[in-house]
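Down below are the structures I want you to see.
Common to both upcoming complexes is chain A, partnered first by chain B, then by chain C.
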Partner chain A sequence: MLLTVEKLNKAYDGLEVLRNIDLSVEKGEVIVVIGPSGCGKSTLLRCINGLETIRSGSISLNGELLNRPKTDWSSVRQKIGMVFQSYDLFGHLTVMENLLLAPMKVRHEDRKTARIRAEALLERVGLGDKSRAYPRQLSGGQKQRAAIVRALMMEPEIMLFDEVTAALDPEMVREVLDVILELARDGMTMIIVTHEMQFAKAVADRVVFIDGGEIVEQNTPELFFTNPDTERAKRFLNIFQFDTPK
Partner chain B sequence: MDEFLREFAPMLAEGLLDTLYMTLFSTFLAYVLGLPVGVLLVVTDKDGLKPHAALNRVLGIVVNILRSIPFLILLIAVIPFTRFVVGTTIGSSATVVPLVIAAAPFIARLVESSLKEIDRGAIEAATAMGASPWQIVYKVLLPEARPSLILGAAISVTTILSYSAMAGIVGGGGLGDIAIRYGYYRYRTNVMLVTVAILVIVVQIFQEVGAKAAKWGDKRL
Partner chain C sequence: MRDLAVLLEGRNLARLFEGLWVTLRLSLSSVLLSIVLGIIVGMFMTLKNPVTRAVSRAYLEFVRIMPQLVLLFLAYFGLTRVFGLNLSGETSAVLVFTVWGTAEMGDLVRGAVTSIPRYQYDSAYALGLTKIQAYIFVIIPQTLRRLVPPAINLTTRMIKTTSLVVLIGVVEVLKVGQQIIEANRYNAPGAALWIYIVIFFLYFLICFPISRFGQLLENKWRD
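Now for the complex of A and B:
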């Protein structure tokens, strides 16, 4: 297992947000996490890379326990790429400088080799001509693709995506999702939180449905979207059928 | 007019230089102290990169105490300390001491508020890539806040300038000293007016330069 989460509990000032989360992710697997707003999806991702401390349970990466006092979070986080809803590029830097900052400062890579990798990745996501642009000069979709490339620059073993298209205009959603689909085809291990059901169906190896801070159902996308095991998943999907005309 | 200039121009020029020296040197030293304290206030905050409640509280209290002392009182209260550091208590070098003590906590708060404007997302993104708190301060927080820090510096310079004029009351040197000695004690109202005009112009220049520099350095908008 690449990532194992066991009996994870998380609370914010007494408010229980995640309860008894068990989740294993194999190398190359694409997990899509869905669930109603406020159910704890973002919190789960943030716990996995140590942005939040957990109350109990365990998280292991490559069999190495993460939630212990001695964890070197800097090196762990280099293996876990994360992209948020709100792009979060560094506004004072060009796209290229955004991509080079962490590889050079955190990994002490030399500029030349990092640059070569950055150019190749930008080319791949269709931003080959934007390396000298500042974030303010990019569209939302371009910013988000640049943010994905910035995370990929650390050559992570697993990528976490938290509703990366939620803040985008509809016409830009596709270009970002296509990048993620391509990563999936290349065998990148990913946990993707999304409300885009068609995309979830297309990209997921497994769907994890969270409701009220608990994993209610884990299933294949085929079964989950046509015939889920649980009532709660059925009810949740019914809400979505209004806006996905067949 | 000619006569006035002949009599006062050299003195006013010297006063202006003294004022600029006091202001800029004090601003520089106040930043040497205030900038790190401002950064520490943000970093040790409970939502900061390295929360440290005790240190945060101590710094906050020290800053608040220093900021609540009226400058005129501070000016007099630090006289023994000034004599110890500079060797004299009159003139522009002596004035630098109370100016720095008054301005450093003010600057710490300005820096703090500039850094707190920075989007949490950018900081979190850097954290998520494995950057250390120090790397984030140095490579993300300070550069991202640069335009706001520059504007803050313009505010600091002008505030310190007006404080330096106040120091004239206790013989602090510079234009404030001239305004008090000639304009007030000797009823030379025109000297007072000219000094004030020069101060207004200098403030204006600092403000303009600061605003331009901030805008020029702002890649974000």
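Now for the complex of A and C:
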């Protein structure tokens, strides 16, 4: 197992947000996490890379326990890439400087080799001509693609995506999802939180449905979207189809 | 012509520049102190603790409600009466402008720090940057970009406000001007206009480059 989460509990000031979460992710697996707003999806991702402290339970990466008092989060987070919903590029740096910052400061890579990797990755996501642009000069979709590349620069073993298209205009959603689909094809291990059901169906190896801070159902995308095991998932999907006819 | 000539008579122009130097000395000491203390106070103001919040709020409101002139009188006359502290006009002025400037600067720092979205911190940490690295490479540069333009604005406001110290007997550029006008009241009654025009230019000479500089930075850093 690449990532194992066991009996994870998380509370914000006494308010329970995640309860008894058990989740294992194999190398190369693509997990899609769905669930109603406020159910704890973002919190789960943030706990996995230590942006939130947990109340109890365990999180291990490659068998190594992460939630110890002495965890070197800087080195753990290099193995866990994360992209957020909102634009998370650093506004005072160009795209290229955004990509080089962590490789140079955290991995102590020299500028030249990091640059070569950055250019290749930018080319791959169709941003070959944007390396000198500032984030404010990019469209929403371009920013998110650049943010994905920035995370990939650290050569992570697993990527976490938290509704990376939720803040985008509809016409830009596609270009970002295509990048993620390509990553999936290349065998990247990923946990993806999304409300894009078509995309979820297409990319997921397994769907994890969270409601009220608990994992209510884990299933294959085929079964989950046509004939889920649980009532709660059924209800959620009905509401969803009602909201977004596709 | 008689009026204009007053400017060049004796040491009049030199005295105006000496007055300007007093103005500059007062403003620069207050501005520098306010920047240093304002950064510390601003950090204090960002704390989420309700007590520190109330204290900083009260401090800021007090300084904003009180006219600077009242604060000056309080420092210059009040402190002498009550505590027997005998502060010179200049010291009282620096004290008052620093107390005022620190509050305003602190509020600007607080505003700049809290305007950095949480995602900027999270993204930095998620990339493996340590807390110190995140601050050095991401948070502080962005905070400075937001802070410098309004801080420059405050600086020019402080420079202009120092003219109030005339009223507690400090002889700065405006006071020198008035003295020259007084001395020539009968032989060149029209000199007043020229003196004030020169003072206007002297203020302009100091404030314009500062505020231009602020605008340049603002355009360069817009994001």
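Keep this in mind: the second predicted complex is superposed on the first by the 242 of 246 C-alpha atoms of A that agree within 3 Å, B and C clash if a C-alpha of one lies under 4 Å from a C-alpha of the other, contacts with A are read in each partner's own complex, and residues count from 1 in each chain.
We adopt the following convention: contacts are C-beta pairs under 8 Å (C-beta built on N, C-alpha and C of every residue); 3 or more make two chains touch, one makes a residue touch a chain.
Computed from a prediction, not measured in an experiment: that's the story for all the values here.
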Clash or fit, chain B versus chain C on superposed chain A: clash
First (chain B), second (chain C), both or neither touched by A:R77: both
Partner chain in contact with A:F90 - chain B first, chain C second, else both or neither: both
Touching partner for A:N67 - first (chain B), second (chain C), both, neither: neither
Which superposed partner A:S24 touches (first chain B, second chain C, both, neither): neither
Footprint overlap on chain A, where chain B in one structure and chain C in the other make contact: 49, 51, 73-75, 77-78, 80-82, 84, 86-92, 101-102, 105-106, 134-136, 147, 150-151, 154
Chain B partner contacts - residues on chain A that touch it in the complex: 49, 51, 73-78, 80-82, 84, 86-93, 101-102, 105-106, 134-136, 147, 150-151, 154
Chain C partner contacts - residues on chain A that touch it in the complex: 46, 49, 51, 73-75, 77-78, 80-82, 84, 86-92, 101-102, 105-107, 134-136, 147, 150-151, 154
Complex contacts: residues of chain C adjacent to chain A: 117, 119-120, 122-130, 133, 137-138, 141-142, 145, 221-223
Interfacial residue positions of chain B with respect to chain A in the complex: 119, 121-122, 124-132, 135, 139-140, 143-144, 146, 219-221
